[in-house]
């Protein structure tokens, strides 16, 4: 099972990226195979045809399980994450990919954003999204039990779906 | 695999119910095991503790696969469907249930409602929702290819998740 | 300026109704002219053509300013409120009505629901919705400053719109 | 009344920009005072502190009426528009600005996106959003009656709110 994390934070090596890694490890028991820190792709994100962007898209599209992570900007995912998602094909850009929407925020008020706002974009790209999205507080995600609780509740559903996808496409 | 259809149309024996049955048959290859035509539950829906409502809730909660179907009223699901969903426990009322959101409308303008509006309620109840929602035109769903196309695209994902749930809880 | 409050709580004389009254008073400086406690309309809500329901719809539709209030059930407005809203005409049922979406919840996690979920239904009915929605904690709304803060931030915008509507239709 | 149009299309001088101009002219009877074609701001959008970006933000924030226009990418607004919106202050970046969400798409399926997805971002920035959003078909917006119909239905509400804002801040 090939696992990738995608972090859409305008700051490189962000807590968003860190939290996505923690979640991937909790869900799969091992390090993610690939990391896409979207901001590192640079201005090529603003157009089409950039090689590094195309490689990152291909990497994500060929994964079995992907955590899509974003800080909360203006009560939703970031522009930079959406720039990257805009590069995928509608309908099947994430076909056979099990996607987990993850968002981090400073307070609890935006906890609905992963399911109401980020997940529908992933669905539009054709992803399989069996589980609820996850919302973390950026100040406590390393010490609270939210990732552990989420993994206990949804881990089996997610890995089962990701494994099923692996079998069906092999 | 126990399959149930739920139709939230204020009119009994509606096209909503019919379409839910067609979708369940397309996904599973057989008749749904149970049918909940919400309107038949009557005024007991307006309070708590009604026996017939409680039985219907239990039936749905113990199913492996449920199609939740609604006509489009005011650009979203109906009040009567939400009355029924309000009877389930938050977080785990639909745990281990694979739920498919289905909506019917007179025109194409509300095609985003199943994923943006109905699915999040099912997720809040703890349902597993691996696939995109489905939106049908109420005038052509018996003759167009939308149910067939949906089944080809998402049928494997849905039945695989419903079967996995069966195994994990047996 | 004719002001009405609508509360969609399955329990009569709820905190939802109380909070709607407090908000209306804060916005206008006086008691609301009319109160619709939806649950009091009873089973007539489940069909069409009930006289009491029709009167309540007419009352709301002819108001200048309406607070639509709901507790948070399953991360969104209640089924009983939606039953009532389903009785209005699409597109112009709330034409020339300035509508304020208000929701109460036990915790802060659902603070996005008034703007993402309740407001779009009011817009579909043709309401004018100039301001952000308001989300209150049901345990502290009588003692915290949220209603006062909201009124300071949005009161002028709301009453200006409601007054403009009054002039344009007189 | 100072009117500005903002177009968030990765292609400069797009139909998105053209449609925003048509809508602004229909609503106000004159050319927009300012035009922000977001893509022209370039890579400065990816960070913070760019002078051209800051000037565009200030221009928009000091307007009375702004049309925010986007093509539909992945069933919602574009990443490039969100990059620009991420530059505004949360809560009051668009205070006293009357904002109109406009989206263009190839087909009718995404007609709910302006109200469900774009408008909430504008509200989070503090904008006044009295009217329904507008969705146009990119192939027919110059010949169909949608802009005219929208202006007839909502023009008075929008310009009344924009004028009220002008008076209250003068």
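For clarity, chains are labelled A, B, C and D in written order, and residue numbers in each chain start from 1.
As a working rule, contacts are C-beta pairs under 8 Å (C-beta built on N, C-alpha and C of every residue); 3 or more make two chains touch, one makes a residue touch a chain.
Protein identities per chain, from UniProt: A, B, C, D = NADPH-dependent FMN reductase.
Quick caveat: nothing in here was measured; it's all calculated off a predicted structure.
Set side by side, A-C and A-D show the greater C-beta contact count at A-D. Relative to chain A, the most remote chain by averaged C-alpha coordinates is C. Centroids of chain A and chain D (each the mean of its C-alpha atoms) stand 29 Å apart.
Rounded to whole angstrom units, the spacing between the C-alpha centres of chain A and chain C is 36.
Counting partner chains per residue, chain D shows two or more touched chains at residues 75, 112, 116, 120.
Across the interface of their complex, chain A is touched by residues 10, 39, 42-43, 45-48, 73-86, 88, 90, 117, 120-121, 124-125 of chain D.
Listed in rising order, the residues of chain C touching chain A in the complex are 75, 107-113, 116.
Residues 112, 115-116, 120, 123, 126, 128-132, 156-157, 160-161, 164-165, 168 of chain A are the ones that touch chain B when the two sit in their complex.
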